[in-house]
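In the two assemblies presented below, chain A is common to both, partnered first by chain B and then by chain C.
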Partner chain A sequence: MNLAPLFLSLRLAAIVSLLLVAVSLPLAAWLAFGRWRGRFLLEAVFALPLVLPPTILGFYLLVAMGPRSPLGALWQSLFGHGLAFSFEGLVLASLLYSLPFAVQPLVSAFRGVDPKLLSASFVLGASPLRTFRRVVLPLSYSGLVTALVLTFAHTLGEFGVVLMVGGNLPGVTRTVSIAIYDSVQAFDYAEANRLALTLLAICFTALSVIYAVNRRVWSPWSSR
Partner chain B sequence: MTAALSARIRKQHRGPAGSFVLDVSVEIAPGFTIVFGPSGAGKSTLLDCIAGLERPDAGRIVAGGETLFDSAAAVNLPAQKRRTAYVFQTLALFPHLTVEENTGYGIAHLPVEERRARVAEILESFGVAGLRSRKPGEISGGERQRVALARSLVTSPRLLLLDEPFSALDAELKAELFDDLRAWNSTRRIPILCVTHSRDEVDALGEHMIVLDRGRIVAEGFPRDVLRAPRRQRLAVAAGFENLLHATVLNLRESDGVMRVALKDCAVELEVPLAHALPGQPIQLAIRAGDILLATEQPGGLSARNILPGKIAALEESGSLVRVVVDCGARFLVHVTPGTVRKLGLQTGQPVWLVVKTHSCHFVAD
Partner chain C sequence: MSSSTSCHPERHPGRRPGWRRGISPALSLSVGCLILTAAAFSAAEPPTLSIAAASDLRFAMPELAARFEQRTGSKLNVSYGSSGNFFAQIQSGAPFDLFFSADSDYPRQLASAGLADSATLYDYAVGRLVLWVPADSPVDVVHRGWNSLLDPAIRKIAIANPRHAPYGRAAAAALKSAGIYERVESKLVYGENISQTAQFVQSGNAQAALLAYSLAVSPALQSAGKYWEVPATAHPPLLQAAIVLQSSPRKALAKSFLEFLKSPEGQAILRRNGFTSPAASAPPRGKP
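Entry: the complex of A and B
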C-alpha cells in the first residue's frame, strides 16, 4: 500500500486545523460579542462554504490563485513557484473551505458563556482581552476541541476543492481521497480498499478518543 | 449628610417586562441603603448604570468625589475603572477557577506576595479560608455567597452594589453574613446599595431605604416608616400586604378621625382611618395578614372596632406559618402559627371572628 497520500492528508489536516482555529478565535469572538449592525452579512459569507458545491469554491479559488491573478503573481514572485497545484495552495483553499466548521462551534461556545461572568470580570477591573483569555476561552474548551475535530475531519475528507485547486501531483497534492478515486478509476479495488479502510480506522479511533475524553464536545448524537 | 454617592440617571429601558424610563436622583450616605420595589421596577438597571455596565441616556454619577459619568461633560468611565464592587444574584463566580483564584481575580495587578496576603486576609474575615483550593461547584450555596462577597471586597472598592445575592440563604446564615459585612464596613464606611425583595433583609439591614416603582422613586426614608404605609398597590404586595380590598366610602366621622367603608360585592363594613375622601368614593385598602387577629368565640371588650364573623375556608401550613383563608363575605388571609392552630383546634368550615384594628388598614393607590 502506498502510504504517501495518507501522510499527506494527515499533514494537511493537522496544519489546516491548527491554523484555522488560531484564525477563527478572533473572528468568532468578534461575531459572538460584536455589536456591528451588518454582522449578518459576514455570518452569511462565513457560512457560504457549507452550502456551495466544492467545485464552485474550487473553481474560484483556482482562478484567484492562477498566475494571472494578483495573488498568484505575488506568490510566484516571492517563492518562485505558482500557488495553484502546490501544497500551500491546498492549505489556503482548505482554510477557506473549512472555515465555518471552526467558526461556528467557537461562536456558539462563546455565546454560551454566562454574560454575568463577563460583567463580573469587567467590574473586577479586567480588560475585554483579559476577560477573553481568563474567562471566555477556558469555559469554551469543549467548543475549541469540537472546532479542531471538525476541521481536521472535514479537511481529511475533502475531495472537490482539492481536485480543482491541487490536481493530482504525487507527494504534493495527491491526498488520500484523490488516491482512492484514482485507484477506483484504475480498477485497483484492493488498493482503494486498503487506503479507505486505514482512513476509516484512523478517523474512528480519533473520534472515539475525543468523545470518550470529553462528553461535552459536539457530536451528531448529543442532545444539544 | 455627606453623600458618598450621588447619582442622577435617566435611562430608557426595554426589558422583557415592558419598557419604562428609569428616572431617578439619589444621594447615598455611607452604610446600607436598601433598594426595594416590585420586579421590573428598574432596580437592576439602576445598579448596572452605577457600575458602568449600562450607559445612562443622561445624568451624572459621582462617587467618592470622582465623576464616573456625566453626560453633559461627556465623561463615561468604563466599568473597569469605577472601583465598584458588584455582587449579582447569580453570584457569577468563575466556575473553572478555585476560590483563591476567584478572589484574587480583581487584584491581578498586585505583586504575587501582596495578592496572596490580601486574599488570605479577606477569606479569613468571611470565614471561608478553609475552602481556598475548592471550585465554586464544590462548596455550598452559603459559602459561595461569602466567596463572592470576598472577591468583590478584596479590590478595596469605594462602593458596593448587591443585587439580591442572599435570597437563597436561610435567615440565620444571612444574619451572620450581614454581621460580617457590617464588621468589614465599620472601618471603611463605603456606601452599600442592596437590592432586595425580602422583608428579612430589610429588617436586618435597614438603615435607609429607597423604593422604586416603574423607574421612579416613590418613597424614601427609614425602612419601617416606608413599609408601614405603602402608597401603591404594587408596592403593597411587594411589602407583604397580603389583603388588598376594594371598598366604597360610606361616611366620615371627622371628630373621631375615622370613616366607615363598605367592601365591594359584600355586606362587610370596616372602620378605617380618616382620609381625604368623599362618601361614595371608591378606595383601596391594604391589610397585612399578620395584623389580623383570629378568635373562635365572639370577642368583647376590645379597643379594636372591626370584628367580623366568618368561616374558615382553607388552612395551609408552610414552615413556621399557617395561612388561614377566612370567608367573611369578602375573603381575608390571616397568618397564624402552627401552635395557634393546635391550641384553638382550627379546621376548615369552623366559624371564627376576625379582629382588625382601624390603623391596620392602609390606603393604597393603583
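Entry: the complex of A and C
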C-alpha cells in the first residue's frame, strides 16, 4: 500500500485542526459572549460550509487562487508560485471548509457555561481574558476536544474541494480520499480497499475518542 | 365539553384521547411525505434516453441532442465524465442506454463481456490533442510547439489523469514521444477528466494544457486562448466509439440516435465541433 497519501492527509488534517481551533477560539468566544445584535448573521456565514456543497467552495477557490484574482496575484508575487495545486492551497481550502466544525462545538460549549460563574469571576476582579482562560475554557474542555477531533476527521475525509483545486499531485495534493478515488478510477480496487479500510479505522478511532471524552464529562457522576 | 371517552387517564378532558393526539399528526405527516414522494417518482415523461458521454462531447452532444429531440419528440439525458469512470459504473449496472467513450477499448471490452451489443459499436470520431495556452500568454505556442512547454513562463501544465482518462494517456504518450516528458514532469498537474483539465488552464492556475481539439474550438475556450495541434503521430490514435448497452430497455431508440449520428446532419455537427471521422483522419491538418 502506498502510504504517502495517508501521511499527506494526516499532516493536512493536523495542521488544519490546530490552526482552526486557534482561529476559532476568539471567534467562538465573540459569537457566544459578544453584544452586537447582528451576530447571528456572522454565525450563519460561519455555518455556510456545513450546508453548501463543496463544489461551490471549490469553484470559487479555483477562481480566487487564479492569477486574475487579487488573492492569487498577491500570493504569486509573494511566493513565486500559484496557490492552486499546492499544499498551502489545500490548507486554505480546508480551513474554510472545516470552519463550522471548529466554531459550532466551541460556541455551544461556551454558551453552556453557567453565567453565574462568569459574574462571580468578574465580581472577584478577574479580567475578561482571565475569566475566559480560568473559567470558560476549563468548563468547555469537551467542546474543545470535539472541535479538534471533528475538524481533524472532517479534513481527513475532505474530497470535493481537493478534487477541484488540488490537481492530484503525488506528495503535494494527492490526499487519501483522492488516492482512493484515483485507484477506483484505475480499477485498482485492491489498493482502494486497503486505503479505505485504513482511513475507516482512523476515523472510527477519532470518533470513539470524542464520544469517550464527552461521556465522561457529561455523565451524571461527574463533578459538574 | 364532554367527559373523557377513553379508558386512559387524560390531562385534557374534552380533547381526543392522548395516544391518538400524538400519533395522528405524525401519521398524517408521514403519509403526506409518502404521497409527495410517489408523485415525484411517477411524473409522466416522454421516452428518455440516458447517455454516458466522454467529457470532450460536452459541446457537441447538446447540439446533437437538441436536433434529435426535435425530430423524435424523445428526451435525452446526458451525463458527462471520464470514459474510464463510466466504464466502471456500467460494469456495476449503471442504467445508461448508450455509452460514448473517448477510448474505443472500453466499449469493446463491454461488448466482449456481454454488457453491450457489439453489433451497434460505432467508431464516431478520432480525437485530436492540442497544446493550449490562454490568449494573454507570452508564449508563442503556435510557432514553438513543444518547445513552448520548456518556457519558464509555463509553471504548470494541465493534462487529464493518464491513469484513467484517454486524453491523459495520449498527452503523456505525446510528451514522451516528443522527448520532453522528463523535463516537464514536475510541471504537470492532473485534471480528473479533460474538461476539468481545461478549467485548470482557463482559470489561469495552469499556464498551458494538453486538451481535446473539440474543447479548444468550443465556444467557451475558442476566444480565450491559442493552440497548437499535436501531430497525430505523437500518440496512439484516440479512436472514440459509441455502443448501445445490453441492459437498455430502449434499444430501438438508442439505435436510432446512432443512426442520426451517422446521417449527414449528425456528421456535420460532429465535424463542426472538432471531431474528425475515423475515415477522414488520415491526412494531417495544417495549423489552425
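Simple rule for what comes next: the second predicted complex is superposed on the first by the 209 of 224 C-alpha atoms of A that agree within 3 Å, B and C clash if a C-alpha of one lies under 4 Å from a C-alpha of the other, contacts with A are read in each partner's own complex, and residues count from 1 in each chain.
The rule is short, and it goes like this: a residue touches a chain if its C-beta (ideal position, glycine included) is under 8 Å from a C-beta of that chain, and two chains touch if they have at least 3 such contacts.
Because the structure is a prediction, the values reported are computed rather than measured.
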Q. Chain A superposed: clash or fit between chain B and chain C?
A. fit
**Q.** Superposed arrangement, angle subtended at the Cα centre of chain A by chain B and chain C, nearest 10 degrees
**A.** 140
Q. Should A:L99 be classified as contacting the first partner (chain B), the second (chain C), both, or neither?
A. neither
Q: Would you check which partner chain A:S119 touches, where first means chain B only, second means chain C only, and both and neither mean what they say?
A: first
Q: Look at A:H81 in the shared chain and tell me whether it touches chain B only, chain C only, both, or neither; answer first, second, both or neither.
A: second
Q) Which holds for A:P67: it touches chain B only (first), chain C only (second), both, or neither? A) second
Q: Check the contacts made with chain A and report whether chain B or chain C touches more of its residues.
A: C
Q. After superposition on the shared chain, which partner residues are touched by A:V21: those of chain B (first), chain C (second), both, or neither?
A. neither
Q) Which holds for A:V161: it touches chain B only (first), chain C only (second), both, or neither? A) neither
Q: Have a look at where A:A192 lands relative to chain B and chain C in the superposition and call it first, second, both or neither.
A: neither
Q | Closest Cα approach, chain C to chain B, once both complexes are overlaid on chain A (Å) | A | 26
(Q) Just to be sure I follow: which residues of chain A are touched by chain B in one complex and then by chain C in the other one? (A) none
Q: Please give the residue numbers of chain C that touch chain A in the complex, ascending.
A: 82, 84-85, 88, 155-156, 158, 161, 163-164, 189-192, 196, 199-200, 203-206
(Q) Looking at the complex, which residues from chain B come into contact with chain A? (A) 51-53, 78-82, 84-86, 88, 90, 92-96, 105-106, 108-109, 151-152, 155
Q | chain A residues within the chain B interface of the complex | A | 114, 116-117, 119-127, 130, 134-135, 138-139
Q | Sites on chain A touched by chain C in the complex | A | 62-63, 65-68, 72, 81-82, 84-85, 163-165, 167-169, 182, 184-187
